[in-house]
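Labels run A, B, C and D following the written order; every chain starts at residue 1.
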């Protein structure tokens, strides 16, 4: 077996778009490894679980990091087989600059830095960065396309609602600042501080750590709650409708493709 | 009356599918008994109600358990009359392995174990197991079919959203762990601990037992709340649409059946 | 003017269905009086407002009560003019037994009892009973018909969901009782006590007075919250769809009526 | 260049409807200034940001106020060029009485009063009044028209639901006042006080500062929560549907316009 044949064979194994039906065994194994990596990253943060097993978690992290590094280099090597980059003068560089390749590179980095120690906020940052490995799943799924299409279809509506939402939140915060700043200066003493109340109330989460206590504040809050609740539910309804539409289109396309085959 | 005639008569009384219109009196009585059994199981847990009446509740539980046992044996006996199992070599065994027959068996068990005493967690487990008797109602209702069809119709969408939901919750928890672990180590000290905050916030329940206190945590929480609320509302909208569709189909079918008769 | 002519004239003034377009001046005045009566009943309960003005509120209540009594007697008197009751042998009795006539009678009662004093719970009961006068508005509005039609159209679906809701709430309460009874006996010590948690969580209100503290309880609560939130939103979506449909039908009918006229 | 030519040139720059495609550079700069003004107004209220920089914020506010004053006078000057007011005898007065011109005037006022000092509530009022400058954005956007059309299309439904909402909130408050007034006189001691509970519960915000503690109160609250949640979600569904319809119409119109051009 020549190098070229090996590269072509590996390309067929690693590149999901090279196989029309389902994932190859190698890709399924990589999906499994991503899930293991994410669960290990989650469990390592809990002292009740990782306490006394630091070495085991470190070894696992190292093994995962090396595997992902090998995968990254392999994908770089086979990039020349991809018809998408075949016409380019530097197919490997072109591939290395695609979003999914950058994500692959970022997924290797935490392993290198995690052993460097440093401040607790920075250490946690690298631990959390490992969760980015979830994004590697994007290669093996068409799901992201459906979601993106549904959002893109209604981009004008979403922009409009986002603008309205920002205005509503700013106006709510200003009014509550006006009404409550004297009574609760630490919670409503400025408009930026009142923003926390606005968002937690308008999403109906309502933790109860911040709420109006004056008569004026309560009357304003009551009106804002009813109006704002109505507004924040708008994008939900729109997105649900758009998502259903996008999925129906996808089904029709699949049906048409099948028909053409028969 | 021979045994065979008795068996056939009992079959017509006990098997809901043997009668096209409504439930037989015997089945109605069993539905009533299920409701009595569930309410008795609920009320027995409240000391203010069951205190001093333990013997009465024990006797009622025993009577219910014996009746359900008799029902189970009777259904086993008449299984040979059911055309669904008629071709099988062991019709009674085939019936005994259907989900509804297993539920019937499980509904008898709590009576046997409830008098065994034991630890409070185990005792409560058998008490809660009695609530399983609600599942016996499934035999007398077509409702479950409609719900299941509605869910099945959109299984791909639900799978997609479930995946997105898991990713959103994991990413939320990771980011909040990063931001808040120093300020509130008991509540956000690890990603698994931050999961509780994520779920209670994204469902907009917002008890207020856990909420961010740092500036970074609040800014992240505000973004996650707005985005997550939108996402978690998606399955609701989809399921409502799918359920309405399933019910409309059911109505059309009923109308068509009626037409054919006339 | 004879008595008969007076009765016919009053009938045209008081009965909304006797005039095709809009309400008569007398009925508009009665609507105004109902709103005054309700606001007076609300304000009287607040000591900061009614303190020192008890006599004024008592006089207003007496005036309102007498006016509603006169209205009730007048409507009884003109009932014989109503074609709906014309064929009956006792038209006034038939009218007196209609729901709206019973509401009219009940709206007079609080005035009689309010001055009787008694325990604070009973006194408050008669004060709250005055709010029933809002139901008198039902005569002057077609709104109630639309709402009722929308609900009736989907009665089977609502029944199904109601059943599912009851089962979900009972099962949630049972599971949380199992998990949390040892840790929080006063809040989860029995299934009836856990019901409060179930309803406040599944509606996503989430006051924060009751929440799970054990690991098992939190895992269960997280699952129940996600599932239950989805379920409780179902009737909302259905009713919104049904209500829109009912209103569209109403508009089409109005348009058809207008066309026929032209 | 004569005065008339200058006025015509300025009109083309300042009036958005005078240019079919997009905003002029001058209008874009004004939009930018509005955003700067709003952010400066928000940040000035936070002592941690504005502390020690009062003079800077005062100068910025003065510069913004003078620019908006110049803009107001300029728009008044060019009003005679607007064909809408051309036939009027006093075109400038007619323009000065349009809502957007009044908003422009109000957006200048806070600058004049902000330096006057006075009570903290009044000072905050002028600070909050600056947020009104957001409304100046209305001139540069067609968004408001879409929202208004969507709301207008279903005005009858919204009126109906608003009435139902008011009745539900009043009845909820009355019932909770009846049940809880003895146990929590400061929170449920009168119907107006119970209103706060009603609104915060029915919108599912649920801060947790007010909740029932008696058995009767909890049973009532559970029923009201389930029913009310269903009702308050109605306008959301309706408005989402109406908004989508309005946007679809807008798209069709744009498409038809384009077709006619080609």
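Operating definition for what follows: a residue touches a chain if its C-beta (ideal position, glycine included) is under 8 Å from a C-beta of that chain, and two chains touch if they have at least 3 such contacts.
Keep in mind that what you see is a predicted model, and the values were worked out from it rather than measured.
Overlaying the C-alpha trace of subunit C on that of subunit D calls for a turn of 90°, given as a multiple of 5. Of all residue numbers used at the contact between subunit A and subunit D, under half are used by both chains, marking a mostly different-residue interface. In this assembly, the C-alpha centroid of subunit A lies 33 Å from the C-alpha centroid of subunit B. Inter-chain centre distance (subunit A to subunit C, centres taken as mean C-alpha positions): 46 Å. The set of subunit A residues that touch two or more partner chains comprises 204-208, 233, 236-237, 241. Of all the residues in subunit B, the ones that touch subunit D in their complex are 204, 206-208.
Put simply, subunit D touches subunit C in their complex at residues 156-157, 160, 163-164, 167, 170-171, 173-175, 177-178, 181-182, 189-193, 201, 204-208, 211, 218, 222, 225-226, 229-230, 233-234, 236-238, 241.
On the side of subunit B, the complex with subunit C involves touching residues 38, 41-43, 45-49, 120-121, 124-125, 127-128, 131, 134, 141, 143, 146-147, 165, 195-196, 199-200, 203-209, 232-233, 235-237, 239-241, 243-244, 247.
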